[in-house]
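Note that the chains take the letters A, B, C and D in the order they are written out, and that residue 1 is the start of every chain.
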Amino acid sequence: MSSRVDSSESSYIRAVNQALDDALGADSRVVIYGEDVAIPNGPFGATKGLHDKYGDRVFDTPISESAMIGAALGAAMGGLRPIVEIMYADFLMVAMDQIVNQIANTRYVSEGRLGAPLVIRTQQGSTPGSCAQHSQSLEAMFAHVPGLQIAVPATPQDAYGILRDAASSDDPVMVFESRRLYPTKGAVATGSGLGRVGQADVVRSGTDVTIVTWGTVRAWAEEAADHVSESGISCEVLDLRWISPWDRDAVVESVSKTGHLLVAHEAGRVGGFGAEILSSVVEELGPGLKGARRIGSDPVPMPSSPILSAAVLPSVDRLVAGIHSLLKENVA
Amino acid sequence: MTAPPSLEDLYLRMLQIRLIEEELLRAVQDGRVTGSTHLCIGQEAIPVGTCAALGPNDPVVATYRGHGWALSRGVPAEELLAEVFGRDSDLNGGRAGSAYLSGPQYGFYGENSIVGAGVPIALGLAMACNRLGGNRIPVVSIGDGAMNQGNVHESLNMASVLNIPLIVVVENNGYVEMTPSATLTAVPAAARAAAYSIIAMEVDGNDPLAVAATVSDAREAALQKSAPVLVEAHTRRLGGHYSGDAQQYRPAGELEGWRATDPLTLARSQLTSEAAARCEQQAEGAVSAALALAEGMPTPNVEEVMTHVFSG
Amino acid sequence: MSSRVDSSESSYIRAVNQALDDALGADSRVVIYGEDVAIPNGPFGATKGLHDKYGDRVFDTPISESAMIGAALGAAMGGLRPIVEIMYADFLMVAMDQIVNQIANTRYVSEGRLGAPLVIRTQQGSTPGSCAQHSQSLEAMFAHVPGLQIAVPATPQDAYGILRDAASSDDPVMVFESRRLYPTKGAVATGSGLGRVGQADVVRSGTDVTIVTWGTVRAWAEEAADHVSESGISCEVLDLRWISPWDRDAVVESVSKTGHLLVAHEAGRVGGFGAEILSSVVEELGPGLKGARRIGSDPVPMPSSPILSAAVLPSVDRLVAGIHSLLKENVA
Amino acid sequence: MTAPPSLEDLYLRMLQIRLIEEELLRAVQDGRVTGSTHLCIGQEAIPVGTCAALGPNDPVVATYRGHGWALSRGVPAEELLAEVFGRDSDLNGGRAGSAYLSGPQYGFYGENSIVGAGVPIALGLAMACNRLGGNRIPVVSIGDGAMNQGNVHESLNMASVLNIPLIVVVENNGYVEMTPSATLTAVPAAARAAAYSIIAMEVDGNDPLAVAATVSDAREAALQKSAPVLVEAHTRRLGGHYSGDAQQYRPAGELEGWRATDPLTLARSQLTSEAAARCEQQAEGAVSAALALAEGMPTPNVEEVMTHVFSG
């Protein structure tokens, strides 16, 4: 990896911006488009300066997500490497057909004669005050669809590296960034991607409980792990980073060691991708597993009032309680 | 509409909306509102004029830029403010917030934060009104940029072939978020009506009397022909797309120039100074009273956060 | 239940037709629309004769699913009880926003002041020769969304009863019928619904393994249960019928007894709703569970060639193998 | 297009499509094809005429009713037949079937079984052609009913504002499945072009020479103006919507009347009987050879069913 580690810290959104810049620089087939991404520099600043630097390779489109995403497929078939910005993941719903029925099928159904090397970048999740139509975490819907690669980066470094890997993948990638995390900072090595699609990040090692998480919950998982360590509980924290493909080996290895699995994500618990991971581990480990639980948002549309949304979202407290109940159960 | 509304009355209504939204902008800045809001500053004449022309039970559907529509349709200011403040309002108990609130008891069937998505819903309301009778016609408002969203297209054709009376008001405010409308929309809304074989009307959206008259005509035409009517109201957004928008994309001097056609300035210039002063006093009083009421409302009860996912 | 049991057997599709007829007859607020449902009598015959009988309460629409489903929400808000036919579940993808961002939120976000009493009827699944865009089983995507009720009837009786219950529900229901099962026959008691939304059907009682299933796999589960009974294995088969809400009590009670859970559905295994059920049972029973597995379609788009689709779909053989591996594991 | 195509050549191509599809209809009935197919019987002049006017590398995107398009663009008949038979064809190995097959090596970028969904894809192909050069313009074909699908609307506007050369051929065949087109579509396709400020052309879709000439003009206009062009080709579906369609919805005598304008009948009447006989002999020979080849192809290898979900 011919990378340089920036001495300065970068925000998550700045890392995204740098990754887009570097992707445009590295491959002339890359084009970037979306709503307000060019002249206005992007609704969240992800594309800041790119139109100035790369001209018409970065352009604005009408509010026509279905055409935008369908066009990404056609452009990819035709030899470009489009990166499309969808402003909020919630808006993917108006373009779902082009993702599920078109993009995901392209390579398989053509028996590999066509491909869909494209990236759909979006951001998701609840922030205080956002309404139900601007708050969802929707990765599980897409992870159910064969043919899509799904990433959910949680750190500036991963935001950068995953986006570079996505941009150079020969297959479609949906990157679910996090609006909540956009201002958070960290060191970022630039120059290339992380190198392996689907690789989890072992955030910390531990012996009693494995916490598998991604996106916004990563930071809460670390806090929860700190908290329970005071009671002598040692948590291993895995940030999956990708849920399709996901790092089954890393998860199984960790749970084989700890015997306990807590999967935690911001997306709704019911039918969330945590269920896939828990089920896979049960199928793999059978009686080797001493206990498993999931944490996710409660099954309601996300309310706007911050005290209400806080009541249904995952939290450090919920994670701590989850860890305790997992270990207690085991004892009982 | 039996008698045309008085300009004084319309000015009063526009002013109340303006004062409420200016207060909300301050509230976002000083933290009383968490999150962002989409204000209709500069566009007040459209909801005010439209609602003045509606029948008492005509349902209204709006976008995220919907405070003006909610208030014009009859949602009490204190309830709207409380909802935007995330309080336990009688509207939606803080669940909806600024961009997704509703008050069907007032005829306001809700804002919508998905561009264009209110149009199919309004089509369905129109199907219901058409079938169930009662001389009701729904009005749905969208922005000019929403004309490029597929669901709007589908709904206009469907309303046309099914002969459903419905009024679609397109507020052409010159911008689609931060991008000038003309660069994104090949043909403006009214000129697209021919593609659906529906009647189109255009109106100065900064003149509430003109809007009222046009919508009144539209309503009559829709009922008489049992068909949808599209009204394109030309206006200018006199602020950011949302409360945190720094508006760096605006050409220098644009906003200053546009202020000359601020509907409030225009209406005020046609009123006597006594009438204007009367309105201003009344509006300020009403808004500060509503604000006090809203700020006194309790925060939502967290214990009830799981209710109403389903009925019963 | 003021029902009459028809002495004659009815096909599944005929039961749907009867339910629609009876729903129109029972409630003047019911309207039915969709593509080719009125004058042409419905692409699969579900609406046969209804336009003749009920006039403009049954009407044809353009190919505009987003407008159709959005209009159903508006019509429901406005006092009607619309039942919309979507020809193939795959086509729901073009109307996803109106389901996920609109219908599902309506009651909750309005704090109960608005409701969405509407039914979206569709049919799904693979039949030999159908292409990837006409073969999916998509119920899991919708079961992840709070605010939707999801049914997957497998028998003529359930097709009738569930549709009647759906039509009289005050909340939105998506009914995923099965094209493959349309010609299958059974006795049908008409006159009213099954009476309880979300209630599973205990297809057969058993002691060793609980098979939880729905839709097309119900019949295969019965066959598999017959097959393994020859080896002395006793299966309890539960047809959930509804996956949102789903009959957690019935499943937990059964697995508490058998100790083994096999969840099997036609939808893709990865991220399928089987994962939710398996995970919930693990969370509920903990060490009381001796083994659990899922069966679903393999993670590929559905190929058209019948020998290829047969290779990736669930089957009686796969179920039998699943049962055996579940019990073997337990022994080991 | 340098020289206009000869009618004899076009007749031959149309006839091959017709013979292949008639064989497929028999194959559905006698079980050699599992599932259903959507035939273009009566509409052959549109793909044949269009493809005669294309540049050698112009990509084509079609609907489920796409056999004629695939064959006209150059997909070998035996490969197409094999794919529809569910054999291990060189196209898609039986994975695609009748309604979703592709052969990009021939310039055929695929059928699509979701109404309208090919148009955004073709827009993207057009963006790529426009950027990467090579004098290529994609053609996408849709049915008249697809004009009411949101994605088509979005794409036409987007192509227009982004100045993307693209040819959209709308095959207006009088029906949307089993419902007459006019009852579902408020305004026919060509008349909608004004809503996108794009050029529209109309043509007799049963006349392959006229189609070729029109598409040739469309192609030139699209390249010259760097803009999309819509071609509405009027035709008539001379069979069911799909292979199992009993067509009970047709008014008595309709089909018989429509047969008078069968493009094959029309073209044949303009050829000498020698030329016609030559074509018929050649077409029959080619189709039966292709059929033999296709029926000899192996069934797909089940061991490989999981390959190509992703590359590598």
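Here is the rule we use: contacts are C-beta pairs under 8 Å (C-beta built on N, C-alpha and C of every residue); 3 or more make two chains touch, one makes a residue touch a chain.
Just so you know, these numbers come straight off a predicted model, no measurement behind them.
Peer 1: With centres defined by CA atoms only, which chain is the most remote from chain D?
Peer 2: The chain farthest from chain D, judged by C-alpha centres, is B.
Peer 1: Just the number, please: Cα centre separation of chain B and chain D in whole Å.
Peer 2: Centre-to-centre distance between chain B and chain D: 45 Å.
Peer 1: Whole-Å distance, chain C centre to chain D centre, using C-alpha means?
Peer 2: 36
Peer 1: Could you tell me the distance, in whole angstrom, between the mean C-alpha positions of chain A and chain D?
Peer 2: Computed value for the inter-centroid distance: 40 Å.
Peer 1: Of all residues in chain A, which are in touch with two or more distinct other chains?
Peer 2: 61-62, 64, 66-67, 90-91, 93-94, 97, 101, 105, 108-109, 131-133, 146-147, 299-301, 303
Peer 1: Show the residues in chain B shared as contacts by 2 or more other chains, in ascending order.
Peer 2: Chain B, residues with two or more chain partners: 93, 95-96, 100, 112, 114, 117, 148-151, 154, 157-158, 161, 183-185, 309.
Peer 1: With chains as vertices and touches as edges, which is it: line, ring, star, complete or other?
Peer 2: Topology of the interface graph: complete, with all chain pairs in contact.
Peer 1: Quick one: in the complex, what on chain A touches chain D?
Peer 2: Checking each residue of chain A against chain D gives 31, 59, 61-62, 64, 66-80, 82, 97-98, 101-102, 105, 107-115, 146-147, 149, 170-171.
Peer 1: Please output the residues of chain B touching chain A within their complex, sorted ascending.
Peer 2: Within the complex, chain B contacts chain A at residues 33-36, 86-87, 93-100, 112-117, 145-146, 148-151, 176-179, 183-185, 248-249, 299-300, 302, 305-306, 309.
Peer 1: Report the residues of chain C in contact with chain A in the complex, numbered from low to high.
Peer 2: Of all residues in chain C, those touching chain A are 66, 90-91, 93-94, 96-97, 99-101, 104-105, 108-109, 131-133, 136, 140-141, 143-147, 244, 267-268, 270-276, 278-279, 282-283, 286-287, 290-294, 299-301, 303, 329-330.
Peer 1: What residues of chain A sit close enough to touch chain B in their complex?
Peer 2: 35-36, 39-40, 43, 60-64, 66-67, 90-91, 93-94, 127-134, 298-301, 303-308, 311-312
Peer 1: With touch defined as at the start, can you tell me which chain D residues reach chain A in the complex?
Peer 2: Touching chain A: residues 59, 61, 91-93, 95-96, 100, 102-105, 109-110, 112, 114, 117, 119-129, 131-132, 138, 150-151, 154-155, 157-158, 161-162, 307-312 of chain D.
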